[in-house]
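Listed after this line are the structures, all set down as structure tokens.
Look for chain A in each of the two complexes below; its partner is chain B in the first and chain C in the second.
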Partner chain A sequence: MSATAISTPTPSKPWVPTTKQRIPGITVAIIAIALAYVIVEVTPLKGKLGYFITFVPLITILQFLLARIRSNKKIAQDVLVSSFMWTAAFFVFLPTFSIIITTVVKGLPGLKPEIFSQTMAATSYTDPIGTGGLLHSLVGTVFVILLSIFISVPLGLLTALYLTEIKGPGSGFIQFIVQAMSGVPSVIAGLFIFSAVILTTPLEASSLLGSFALSILMVPTVTRASQEVLALIPNDLREAGLALGATQWKTVALVVVPAAKSGLLTAMILGVARIAGETAPLLFVLGGTDALNLNPFHNFNSALPLYIWKGFLIGLPESVQRAWTAILVLLILVLTLFTIARVFGPKKGKI
Partner chain B sequence: MNTSEKVAPNSLSNVASARAPKKPGTSPLGSGLEARGVHAWFGNHLAVKDVSLDFSSGTVTALIGPSGCGKSTFIRTLNRMHEFIPSAAFAGEVLLDNQDIYGTGIDVTKIRLQIGMVFQKPNPFPSMTIGENVLSGIKLAQLNVSKSEQQDLMQDCLERAGLWNEVKDRLDAQGGSLSGGQQQRLCIARSLAVKPKVLLMDEPCSALDPGSTLRIEETISQLSNSMTIIIVTHNMQQAARVSDYTAFFLSDGGPGELIEVGPTSQIFTKPRDQRTENYVSGRFG
Partner chain C sequence: MFILPSSWCHQDPAPFINDDAVSDATLPTKREITTRPRPSDVAFRGIVTSFGFINLAILTLIGAFLLVRGFQVFRVEGFSFLTDQKWEVTEESGVTSGNIGIGAMLSGTLLAAFIALVVALPISVLTALMLNFYAPVWIRTFFITIIDLMAAFPSILFGLWGFFVLMPSAEYWAKLLNRYFDWFPPFQVDQPFFTRSPFIAGLVLAIMIIPIITSVSREVFSQAPLDRIQAAYSLGANKWSMIKAVVLPFGANGVVGGAMLGLGRAFGETVAVYTVLNLVYKVNWQVLFGAGGNVASHIVTRWGEAGEYEVKALLAAGFVLFILTLAVNFIADSVVKRTVRKGR
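== the complex of A and B ==
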């Protein structure tokens, strides 16, 4: 043990199990797979789902038993609960991946350049793929989303500020209304605008009215998400602003909102996500058209969800293909909008 | 007001005698801040009972006492921050240059411009740079200061807060990138930018290490030449080091009351009240 024997220790990760230590776990997994295979063969259970509903309980129980034998009860409980978590997480991710993969696989064959340059004005839904396009619906969807943002973000943000900053009279009632509104079925929102605006005023169906209907869905989402973000801003900051001789308005505008801007942007994105795929509210108030309409305030317009709905309604192979392609385009559009908001919006701060 | 005769001699009469030993600074700083019969409630709970204290201009007064004795509540009544707690109530008078800040027709934002505050936890504005933080009061209170004056003001405030040399090369960095002690000095610089006559400090060093505490105490000594400072502290050595006067608050389970006030040396060496002596000698609290 001379001092010269001291050398630099090699970095290692003693907490990561070695291959040898992994063997029992891997064995248990193989047994579970084998047992699942046997059970599916002898019982009437069939297909992917059959494997799935036999394998998941089997691996959970076997892992638990293994841990119980190798170590104590506490570790076995830990293994059991971890298994449930993994299963639950898998169940949440499964549909998401399934949706994305299905959309790409089914939509890709129809994704031709001309769908972005042509409309359906001179084409039938049942015409061969390669003729006609969804430009009119893409433009219509961009119109309703942008108009909804212009209407809902100020309304939602101001409502959230009233509820968290001013806490004025009627806050409890407004909170109740906002919660109730977020449960409104989307078709009701469309019917409401139809009966309240189209039937009683000279206004006719247009992108603007479509965005009215969508705003009924978007305002509560933006409000509640903004409220949660604003509630995270420490009270110290508000007091510091007020202690510098600021009015409440100046404190909110210069301190609270800038501190929350990243979260408020997320609130807006959540709102857009809520409305981007809505079909039902648009059925009554957008009019629906197969031609391009560049005026969002006048005349009927289209939207991607409407285009998709029409495609599936007709139900023939060409129209269904068009619908799948439109779903893919909608997915890409929403993703693009979110990316733009993230890249050009405020940089991620503390919240 | 059911002021007992026990409280009265400890407050007003002592203030009168306390003023004698050290006269306020020579600069014309106005006539200081006076609290008269201040009571503060949270709902039905009386937190501060009948506190009367004079803060002569150009002096540093330390408020000491165990937790829950109402000193923080009391200091927050001095610039009307108390009223932000929804259930809060108040009685009494707080006179700034002989004008009641709770009087009718008083613009409370103007009051807070003249009576600045530094909080327990450093709270620089996270969305602003160091420079913007210092000048935030100009924007927040909508003061008219030209761009060129703002630069001078920023440097002046940072120098007075003892932070200029550490941040002069990175004024565009985020306020949150500073250490805790630097953040607190940034908050002091921010308060100075609106040129207050009185600076309230609510345990400004309780979250800081001894080195940062020392820097802030140096800052306080320098600032006391140009303004009135009232500091709440749990650290009795700190009170002894920085203050000209010390006021001892105590709650015996009921509302917090002012037990004794006097020149700091007197409070720490020969206090009149037995409870003060017990506290400053470390027998409790």
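== the complex of A and C ==
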């Protein structure tokens, strides 16, 4: 390269505050920390909570005053509201963080390889950790999830197709019905299957009935997620199919659904994540057992949430430890599904 | 690129014409041009439509079965089933009689859900505003992930976390509130018993409904008309002035709808409430006092030892809960829809 006189301007970011402009803000933060420290030391306020309820109002007020002195009332209001917003966001972040940390910390001590190969058939919940395991619950959970997929995915997908492809006269109404179904309390789903199947027919509690109840909760999730994906498919594809002489059925089956394949898979995974941890409906229709049951259509079965529930209700250190470990397993399952759905899910503006 | 299967076309592509085999049979017949749907389409539309309406059938059946099974209880107890605070079932020589009502449970459900809403609504709306208008992109992505994650957590996880982690702290907060805000009637208690109070149940529920309120609010705020936003900025408004003038008036309905969706969730939550709420068959409006009610938890609690009549009563309670959530969802849905339709 030859050296020329033309100098390229270095990119600058005039909107980024300079060090000099930052000084008042940093000073205010330091003053707030110092004041919070002094107040906690002097007054009876103690601990993390004490620091929190002194520091947050202090920094909010000080920033407000700073903005008020340096500029006008409107800007000061903006500063005030934005600090409220950040505080609110902190309250969203804190519980999530705490929940994940707690689960990992409390669940990890019980996470031994044996729990995946043993059941509770010969073990009491209060026996020391290391004996017994959650194999039966894991198998039961897999059963209900698979059966729920078999029921909910066709139902949810076809409902979504009705809402996006056919748009019949009833679609607004069905949309509302799906919305209402997603608001059905989980306990009601269990009660319904209990009263409609167990009280009415000779069928007994089993994984199949568990999956019936869970499907009621899963269908709306699958429907809404599929609907979002199908709405992202460009209309050009549908019109191209029709223009080539395909029937609507062929267009949907060979163009629209294949184009939305990964998104529909995501919809299914989101549905599974929704139901994997459901406890209340299973209390009524799964029966619950401590032994391995490999027949999903007959006899009582277990599931991870029921195992956790039982461990929690017994309330002794060992059983609670088992519950936390099972929660950790369940959380890992849900997070894995969630991550898969995120990674392979549809991105807006890109099919 | 799609490889088009040959079966797509109604007429087969013209075959290679072989001199030996030219006959009328190999020539394609002229396709009839019509607007009449083909049989495959009729079948397709029929099947898909019927599946769409299966959802309606399920929802109707839920209501119908719970009502039919619980009807005897409604008839015997009458309207007092909704207001009575007692839950006593006596069985004498085969004749079951009960003096039962879900008044305390119903009021407890409403109270805990209301507390949850009071806590969650400001947090959710402020967070939604921050994510849409204040946060840099990486923080927005991060928080959207967090909120989706919260929505995916199993409710039993919230229950255990609420019991083991939140409750010890929340009990302490309740004591502080009671000590320093005693002049506010709901914060008074008759006895200093703060464990498993509606306040704590409300906090757990608040955390559980934050995701849905936040995401609905965010959705609604993001539909605020861009031209009005830009007009506000070009007139010299800063972010908050713009939000006050444009976004909040536009999104108010949607926020109300989102809040009601959250309320519906809070009404129906079972296991998370069960772990952190003391069920007492007496209406209690002292939010810090460790006695409350919850229809869903009540159903789970009584289910184990319930006799035939009591099971019917529980199904009737389920019906009431179902109707309650359905009504709330209905209102929420229509409110949100009205806002979204109003959008650009």
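In the analysis below, the second predicted complex is superposed on the first by the 242 of 351 C-alpha atoms of A that agree within 3 Å, B and C clash if a C-alpha of one lies under 4 Å from a C-alpha of the other, contacts with A are read in each partner's own complex, and residues count from 1 in each chain.
Here is the rule we use: a residue touches a chain if its C-beta (ideal position, glycine included) is under 8 Å from a C-beta of that chain, and two chains touch if they have at least 3 such contacts.
From a predicted model like this one, the values you see are computed outputs, not experimental measurements.
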Touched partner set for A:85, first chain B, second chain C, both or neither: second
Which superposed partner A:64 touches (first chain B, second chain C, both, neither): neither
First (chain B), second (chain C), both or neither touched by A:103: second
First (chain B), second (chain C), both or neither touched by A:255: both
Touched partner set for A:242, first chain B, second chain C, both or neither: first
Contacts of A:330 with chain B and chain C, given as first, second, both or neither: second
More chain A residues in contact [chain B versus chain C]: C
Touched partner set for A:143, first chain B, second chain C, both or neither: neither
Those residues of chain A which chain B touches in one complex and chain C touches in the other: 244-247, 250, 254-255, 258
Chain A contact footprint on chain B (complex, rising order): 79, 81, 84, 86, 109-113, 116-117, 119, 121, 123, 125-128, 136-137, 139-142, 176, 187, 190-191, 194
For the chain C and chain A complex, residues of the former touching the latter: 2, 4-5, 8-11, 37-38, 40-41, 43-45, 47-49, 51-56, 58-59, 61-62, 65-66, 69, 122-124, 126-127, 129-131, 134-135, 143, 145-150, 152-161, 163-166, 169, 172-173, 207, 210, 214, 238-241, 243, 261, 264-265, 267-271, 275, 296, 299-300, 303, 314-315, 318, 321-322, 325-326, 328-330, 333
Chain A residues touching chain C - in the complex, by the definition given at the top: 49, 74-75, 77-78, 81-82, 84-89, 91-93, 95-96, 98-99, 102-103, 106, 154-155, 158-159, 161-163, 165-166, 168, 170-171, 173-174, 176-181, 183-189, 191-192, 195-196, 199, 216, 219-220, 223, 244-250, 252, 254-255, 258, 273-274, 276-280, 283-284, 305, 308-309, 312, 320, 323-324, 327, 330-331, 334-335, 338, 342
Of chain A, residues touching chain B in the complex: 167, 234, 236-237, 239-247, 250-251, 254-255, 258-259, 261, 349-350
